[in-house]
């Protein structure tokens, strides 16, 4: 492909390979922030995107939480949507076909209350044409275990992934929560259980209250923080996960522009997802694509593969061995 | 024509009533597309403070000139920053969003509108359009019931002269017009005048709209309400702007509509008023900060 | 005191009791963000503050990490100072006396590499006059256990607190890290081990990189995120800790004004610490005090005790039991 | 008199060279306290974007008028926002911070100054003060070696007329004056003229200051450098602004000085140049953003 170096410089190769998944570029949109894609069709060409990850789907439709469901915070927002969704049947019948026509690879984000629900959901989607991969949202409370979140326990997380793995041949992405002590441990467990790819991070557990009414600002009391505020946390998690496993990782969290996306690629993510930024500028994802392309040109790189994971930490902290920090600096 | 994102140039930005500003914008794309009752999501400031856009209704739509007007109350930091924007600077808007009002199809309908405070914002363009559509026929004037907490929060009477509307004023503190809530005025005046609207439109604080809804439902008068909710995207993607609603299938199951996509204009009967929490929208900014 | 209701309204009672500790008001400054107090003397009257928590002290002086040590992020900053400090001897000889003269209660933040170091440090400080309490920073890696952070493991955290408890009669505050799956579990463990008070949160593990040089922005690679960005996370942690234990809790994280401080008090913190905001406005702490006083007056409250912990979550989320969220919403 | 926090009123804010702005402020408290070489921490914008203050040296200090001037290069978003501030608006500054230059105590010392680009900022007030202190004696002129990447980044010659300084110009691209680095000019000119300064002052990019330091150390000339580091507090509280330094006890143990408190003015010999990382300060902003 890249025979003429100047031609290469002119059109850098943005395609990436994530295990079984090949994408024409590394920019996707994150689950729950891009609806079913259609909503953004007036603002950008969906066909340009690496992939669209649709809003989390469950077996049955869910009404979601009572409002208020969102609140703005410094450089971020908290949401407690309650996973409102149309359910897998309606999704397959009336959302997926429209999205397929737009020519964009579709990744379906799935969640359940029990291991069995995850498995059933996966087998229902397994047959459907036009689904590129499944993204398993393991940040749901396991109703059988009294509400303990699947994604915070390596064994429970692994069980979900194993069950899904048995139910489908589709490439599997497992989406990790940052609300754990050692994210690398969860990462290793779900990879051992058969996850082809990991994505991180989901939202950070958070809360906001109103001092006048003395009430929580969300009907659900707690919710998930997203947006630029969490980017440094997401980048740290991504780096930790990249160093913990040998499967491709997708970076998510607070990405608003090409420079942000490139930070995740630099620490080793092979693709990124854009979330909250879609609300602020609905054309963010394509602007990021353009920005990455320009960056590669300016830096004289033939393709994004030449940049991914090239973070240079050598000789940077000669004293680190003796250093005692008040945050978790060591790897698990 | 669909939705779009536009860098609108500020033509004017002035305080026209207490804490109430009028911003006129050159925004040809949105002006060409917008209908009364629709809204835009406005990025009030560059950078990430505040992070989210703010929903504002189209107060006037001058499609010919490619201009729109926003009427907004300074309610917190977003609208405060908006009020500091200078003419000739740019403001990014996405729109037009939402369903907009359904125009009355009977040209000689007896129309009443109820506006509480800044609730006048989306109703104005509607009144202008209805006035225009009826300029050739001999219909009864529209009746606007327009209240605010105090006289200084009301738009001046002069702005209504171009429309085919007779304005009935009220203030909570009695400083101008009827003394009391605008819904009380609506009730009193219509009873006294024996006026029964065949179409009702309303916008204002939730409690006011609730009372308008009950008044209209009791009399079987169709009413279009312009409702609010906290919004992140404005285009139906985040599912943040939910309001409890009557299940379309008639079941008692939980059901939510989304103000940005299914609204902001709703019929009174579609909302589950009982399930709306008191403290749905944020408190005023902290005076000490 | 409050005999005349109008006089009460005029000067609300800001004093708070935190177990063995009595403070004239609930506003302190956070460790590492206020130096040894002296640095701020030109900007505010130190004597007004509830207490000053000094920069973390170790047995021996520490030079800290190589630069760059800080980086700005959206609504926050990451630091990796490396716990630079003058050591306990110099602190006692030449920092503490000056601070005592200012008439402000002094709380000493301590850390060690081993349980023994913590204990020795505590006994050295135990004798010193003019120290109101110790704040135990358990976010250090346990060198004996290969770098595992004390504060992320309930048993290890408890060991540190037990050892310190045996070495001093001073009121003990244990400062919790948010970088754990279940902060309530750690909270319970250190309370059982003898901590009188808890404070939370320390910084959130984070990272930033430079896409041009392809290097970490901190010589230490990772660091701790602080500032407004983390406030919603800190508030959630504080609320979880308040609900997990029966000892007083101090809220920390992203507090920049009176309204922020009041949010922490509302969810049940009995005092707050102001950190990063001191850098942005060195008079923040006293402005918060003034703001709280005005708030109480406007709300017609006689004292801050009438506001602390009065969050009303009743009837707020009728559907929460059925709700499945993608973040950890359930309590441990 | 100690440090303070002040809302300074902007009198003027203009681009005086490429990407280089001069801001004149009414800041009586700080103007009364400040000395050459000290700096202020400037809050460039209201709100939390950007969050931190930016350190800027005092370019001029007009104590009598209660005014100060800042000369700054637009290097990123903070300084960009600063450049957009309008006259009469307020800018919050804490200061004066840092140690400042030590004035030469020999009034007839042979003085050389080296400025690289925006490094001229803190040196200017120093030159003015030295000029004033020597106005009554017959001392040799000071020599300023002043370089930039290109001619359009240099302050105009006229601004130096009020001072007792002869300026030696250089540009990296040769568009004005000597073609090459200003340190090469320093070396060449002093060798050619047989000029040996007894006091040296410098400010500019780290690599330049390093070369000045080596040049001076080799010749045993005392030199005061104005150094930079990333700062959060500016007052010695956060310990963020560390630079590797020679241990005061002479041991080889790790040791750091703090630019905001121990500096920003350092003698060349006190810094551990070998331990300063290449990529100490942030890269330029991303052109695509």
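Which chain is which? They are A, B, C and D, in the order written, and residues in each are numbered from 1.
We take it that contacts are C-beta pairs under 8 Å (C-beta built on N, C-alpha and C of every residue); 3 or more make two chains touch, one makes a residue touch a chain.
Since this is a predicted model, take the numbers as computed values, not measurements.
When the contacting C-beta pairs are counted for B-C and for A-B, which pair yields the higher total?
The greater number of contacts lies at A-B.
Using CA atom averages as chain centres, what separation in Å is found between chain B and chain C?
Spacing between the chain centres: roughly 45 Å.
How big is the gap, in whole Å, between where the Cα atoms of chain A centre and where those of chain C centre?
Using C-alpha averages as centres, the distance is 32 Å.
Express in whole angstrom the distance between the two chain centres, defined as the mean CA positions of chain A and chain B.
Inter-chain centre distance comes to 37 Å.
How many angstrom lie between the CA centroids of chain B and chain D, rounded to a whole number?
Here the centre of chain D sits 55 Å away from the centre of chain B.
Among all residues of chain B, which ones touch two or more of the remaining chains?
Within chain B, the residues that touch at least two other chains are 48-49, 254, 277, 286.
Counting only residues that touch at least two other chains, what does the list for chain C look like?
Touching at least two other chains: 32, 63, 65-66, 73-76, 211, 213, 215, 219, 227-228, 259, 295, 316, 319.
For this assembly, give the contact graph shape among line, ring, star, complete and other.
complete
Which chain B residues qualify as touching chain C in the complex?
48-49, 254, 277, 286-289
Under the stated contact criterion, what part of chain A meets chain D in this complex?
74-75, 257-259, 290-291, 294-295, 298, 316, 319
Within the complex, which stretch of chain B touches chain A?
Per the touch definition, chain B meets chain A at residues 2-5, 43, 48-53, 92, 94, 229-244, 253-256, 275-284, 286.
Looking at the complex, which residues from chain C come into contact with chain A?
32, 56, 58, 62-63, 65-66, 73-76, 78, 80, 82-83, 111, 113, 137, 139-141, 147-149, 152, 177, 179-182, 202-209, 211, 213-216, 219-225, 227-233, 235-236, 239, 254, 259, 262-263, 266-267, 295, 310-313, 316-320, 323-330
Where on chain B is chain D touching in the complex?
Per the touch definition, chain B meets chain D at residues 45, 47-49, 77.
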